[in-house]
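First subunit A sits with subunit B, and in the next complex the same chain sits with subunit C.
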Partner chain A sequence: MMEILSYINLILNGLLLGGLFALTAFGLSVLAGIMRVINIAHGDFAILAAYLSLTIMNSFGMDPFLSLVFVAPIMFAVGYFFQKFTINRVLAMGANQVVLVTFALSIVIQNLLLLIFTADARSLITPYLLTNIELFGLNPSPRYAVGFISALIVFGLIFIFFKKTYLGKAMRAVPFDPEAAKMIGIKSEVIYNYAAGLALLVVAIAGVLLGLAFTFYPDTGPMYVLLSFGVVVMGGLGSLKGTLIGGFILGEALVLGGFFFGSRFQLMFCYLVILAILYLRPRGLFGGKV
Partner chain B sequence: MELKSRYIYIVILLAVLTSLPLWVGGFLRDALILFFLYLAAAEVWGFMAKHAGIVSLGQQIFIGVGGYTTAVLSMYFGIPMYASVIISGLLGAGLAGLLSFPLLRLRGVYFAIGTFLAAEVIRLAFSGWEFVGAGKGLIFRDAYGIPTTIIYYPALALAVISIFLVYLLYHSKLGFGLRSIGADEDVACGLGVNTFVCKATCFILASLITTLVGAVNVIHHTYLHPTSAFSISWTVNFLFVAVIGGVGTIVGPIIGSALFVAFGYLFAQYLGLSLLLEGLIVLAILIALPQGVWSAISRKLKLNLKPPL
Partner chain C sequence: MQAHILTNDMSRIKNQHSLPLRAAITKVTAIILASIVVVAAVAAVLYYVMVVQAPAAPEVIKIGWPVPLTGPIASFGEPDPWVAQQIEQVVNRDGGVFLSAYNKKVPIKIIIRDTKSDPNFAATVAEELITREQVDLIVVLHTPGTTVPVSGVCERYKVPCIVYDTPVLAWLQGGPYEWSFLAFWTEVDVAQIFVGIWDKLGAKTNKVVAGIWSDDPDGRTFRELTIALAQARGYKVIDSGVVPYGTLDFSAYIREWKAQGAEILTGNLIPPDFATLWRQSRELGFIPKVATIGRSILFPSSVEALGGDLGIGLTTEVWVHKVSPFRSSLTGQTPRELAEEYERATGKQWSTPLIFSHAAFENAIDALKRAGSLDKEKIRDAIANTDLDTIVGHINFKRSLTEILTPEELELYKKYPALIQYQNSYSITPVIGGQWVKGTKWPYELEVVYNWKYDNIPETAELKTIPELLGTGG
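What follows is the complex of A and B.
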């Protein structure tokens, strides 16, 4: 009985972690869906947000959650202007050029963080997240649970944004038919700017939640972009439902991989799962076009 | 320039380069070895990226495999070092062939991330593999005391081979196929180009050169650690070298590699600063001068060079 319960506990934690992964991958997915490009610096933006939150926490004694009041708008602006002044200029040169630009950006962010914050391990962990929750004999990790609940709330808001607001509808219209969107007066480049802003806003939330759940280093970013890519590949591009399901699959892969193969090969197992899915379904589990 | 006089220039240049270690100092020899190694790897990386549309973010796989194979074969199995280097090259090419099957099914951006993932998997595997020293790394004692005057020659040879390979590839039937794939893979496929065979051959050849670079590099540095041997910064450096001069040109990486080595020495004592500047320069060039510095210069001087140059 105890044994079954511990397995259930494991799966529950994988599910909770999966919600956080889905939120982390959202920004990558939305940009891939709208512009057909992959932002290699995606994970580094998440880590950048975590460091921003850490700085605010250390200098003003602010709770990491509250620091989002500052971090999220800053990251929105970063996304908006980076899209406007760099990505929009190289977009016409093809997806590979965007890969190279964002790859270079990823290196810049990592080494900037290394110069400012050194290579020490950091964390946003706060005392109230270290308490033990007990629910029907299960022990869900409060750090993952906070991520999961926040992810669901953010996903709900994003869903409403895409369905109800003009900007949200325009974002869905542009990839659907760029010519027709232009005809009814939607400037695709402006939409891209807002989309990149939105993507980084959500990445900022995800980055802070990841900082609450795990320690991070200046070079942690690539790990999250690879995991996020895995989520996107499983879920299909730009699909909210697919992203959530992809997140759950990877969350389970990470937790179960850690249980069966030890923490040493946990990440490797996760990457192999992603590679296997890429091999079997080069265009993602749920179809989707690139 | 007449064809005949061009060959004379090449012969003179090669003669000078061959005799160089005899009359330049130890410091410059070190710098030249680095220059040739990065040049060799960046030439083929740039060719793949530009002409075949294969952007690999995982070439560090081959640097690491080349290094580890050479060290393990000579230390654990007593195979002569030059033979270990050659075997490591073959192994790297074989590995590239194997990786082609899952990875080259992926296109464009997906391939880029696929190679990155594969490189991370291999890095993590080596970090946990006790036989090769796991996370502690491996010290290549057998390579101690090999003078740079000797290591200079395989490095030079690799750079020369790499340049000729790119030149020949560009003008071969295979290169023609690759360029058509780079322009539009679907159309190339429709015209009867065997896209998988073309891409795989190119990937294997490029990886063979990169593996050999890794092998020579370990003889020069005598130390291996999974995190640095399979570090993404290898590919960052190749990107820097290739992008500065102009991706897909032959002369471009020569300028890029010289700048890269100079940078390395200038900022050696500042951790991270060198990579930060590299990243910023690559960003600036990709956005403002996407054809690279060399293409801009040759256009200004009206050199009228034919494409692969």
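What follows is the complex of A and C.
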């Protein structure tokens, strides 16, 4: 009985951690789906959001969750204007230029954070998240559980947004056929601005939850862009459902890989799983025709 | 007339015959003359540069300092710009360092270059400091990743190099060194501190130790040392091996430790990984009596970033403490006074590397004074002959290990031949055991709970178990 319980515990924690991974990858997935570009500064934006939350937490004594009321709109604006004044200008020159611009941005953000916040370790952890919860003999991690629940909520909201709202439909229409979209009066640039805003809004939520779960430094961002990239590619570029499932698979791979092969081979096992999936389905799990 | 002309003609013919010969002679002479002139000119210039110019003292002594100011280990380098400023101010206040070769005081200039926490880039900036800035010596600190490549460059260019804040064994792996000298603790000492802390708790623990380490040279060395020493002193060790950087899940290990009833946790991990491990431990209800961890909880900010009350009761090695009874040879300050000056000037909490950066410059200035010259070999020899009381303890590279170690300790050292063979490349600074507790001025403060063999360093608090400090009973 104890044996079975400990396995269930493992799988549960993998699932919860996977939710957090999926949440982290959503922002990247949204941009990749709509604009077909990879935002290298994705992880740095998440860490930026975590620092913003930290600042609000320290100055107003506000809970990190509540700080999202401020952090999310700020990040939306950052995304909107960054897209408008930078990415839109190089978008026509091809995906490589966009990657270069976001790469530069990644360096700028890291150095700015270092300048303002120094290289000290930070976290948003609140005491109530560090308790030992026992439910039917299971010990779910509260930090990961919060990430998991948020991932499901965010997924649901984006899904509804894409299906039900005009803006959401327009966002889906533009990558499908930019010319046709233009003909019926959709300005692709404006749509891109909103898409980038939306992506960074999601990134803001992910950043705060990552800050709740892990220690962060000014240069932590690139670690998460790599992880998110793995999740997005595994799930299929442009598929939000794929990103969610990809996150779960990566979470399980990490936890089970650690259990069966030792922490030493944990990350290697994760990437082997990604490779195996890409071998079987080169476009990812839910990747349609591009 | 006719004859005369004839003779003239004859002689002309004769002349014409001998012309190539004479011309050749003149040419050779000219070349010889020219060479003599050139050689003389070069000699004169050289004489001017070397003999006439030399007595003119240099305007400034340049000390190159590669520092990790950005990147993952930037916390180590954070106080360094302030340290450089303080040292320059103190030394240059009355003219600089007296160099007997020029019978003059020469001010110092400390040139800091950012290594970006990258070993390769650290080597590049060291090379630049030597070739472009023409520094007279190099000072370098903060982890083997910074100091080993920089020492390597100094060896290649034959530039004296003073190294602090790098565990001795890790640094020696990049050796042997002729131009570089290190002052810090040895890994063997820290392993003794760790086991010593547990010994001090006596029967409060069941002597079952869980151990986990980072998969890098430091982690592997500490794993070997800690396991061997703990087993020799009668502890049972659950060896969970080494883990790669960025491990995000430790639950499998924690469950095993819980199942086997481990009451002592030890390890040497990078700070974010230990944070992940320690948070998961709390979530899974694993609260050992004592957790003695290297590397991860050096900085107060790292302890704070664990979140909640997770920092309480963690034990670790302490390189130097505010209460250490040492004084700076430059400013006369104790570690407490230096730390407080730093806190006043910057508004930031002090951290241990601050004190070591100061000490490295004490060593540099002392060596320059004794060298009395900017001749690199003289500076090198002066460093080798250091016999100085600094803010981190006594520094002496020429002492023999048999003078300072007990026979038992010497046996431990002998397991690592490099420690014996290159004993004159390093000097050992005193290391003691500390415990993080809730602070009064700052969120967490470090208390000395185990002074090991250094009776002159007072213990500031009694060693307690984590449950005792959390108020959840023993």
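In this section, the second predicted complex is superposed on the first by the 257 of 290 C-alpha atoms of A that agree within 3 Å, B and C clash if a C-alpha of one lies under 4 Å from a C-alpha of the other, contacts with A are read in each partner's own complex, and residues count from 1 in each chain.
By our rule, a contact is a pair of C-beta atoms (placed from the backbone, for glycine too) under 8 Å apart; a residue touches a chain by one contact, two chains touch by 3 or more.
From a predicted model like this one, the values you see are computed outputs, not experimental measurements.
Colleague: Looking at A:Leu278, would you say it contacts subunit B, subunit C, both, or neither? Reply first, second, both or neither.
Modeller: first
Colleague: Looking at A:Gln97, would you say it contacts subunit B, subunit C, both, or neither? Reply first, second, both or neither.
Modeller: first
Colleague: Identify the partner contact of A:Leu114: answer first if only subunit B is touched, second if only subunit C is, both if each is, neither if none is.
Modeller: A:Leu114: touches subunit B and subunit C.
Colleague: So, A:Ser141: does it touch subunit B (first), subunit C (second), both, or neither?
Modeller: Only subunit C; A:Ser141 stays clear of subunit B.
Colleague: Tell me which partner A:Arg122 touches in the superposition: subunit B (first), subunit C (second), both or neither.
Modeller: After superposition on chain A, A:Arg122 lies in contact with subunit C alone.
Colleague: Tell me the contact category for A:Asn132 with respect to subunit B and subunit C: first, second, both or neither.
Modeller: It touches subunit C, and subunit B stays clear.
Colleague: Which of the two partners, first being subunit B and second being subunit C, lies in contact with A:Arg264: first, second, both, or neither?
Modeller: Both partners, subunit B and subunit C.
Colleague: Could you tell me which stretches of subunit A are touched by subunit B in one complex and by subunit C in the other?
Modeller: Subunit A residues touching both partners: 111, 114, 223, 264, 267.
Colleague: Which of the residues in subunit A come into contact with subunit B in the complex?
Modeller: Those in contact with subunit B are residues 37-38, 40, 86, 89-90, 93, 95-97, 99-101, 103-108, 110-112, 114-115, 222-223, 226, 229, 233, 264-265, 267-268, 271-272, 274-275, 278-279, 282, 290.
Colleague: Give the list of subunit B residues in touch with subunit A in this complex.
Modeller: Residues 49, 53, 55, 57, 102, 105-110, 112-114, 116-118, 120-121, 124-125, 127-128, 232-233, 236, 239, 243, 271-273, 275-276, 278-280, 282-283, 286-287, 290 of subunit B touch subunit A in their complex.
Colleague: Could you pull out which subunit A residues touch subunit C in their complex?
Modeller: Against subunit C, subunit A makes touches at 6, 9-10, 13-14, 17, 111, 114, 118-123, 125-127, 129-134, 139, 141-143, 214-220, 223, 254-255, 258-259, 262-264, 266-267.
Colleague: Mind listing the subunit C positions that touch subunit A in their complex?
Modeller: By the definition above, subunit C touches subunit A via 70-75, 78, 215, 240-244, 246-253, 255, 271-272, 275-276, 279-280, 282-285, 299, 301-302, 304-310, 348.
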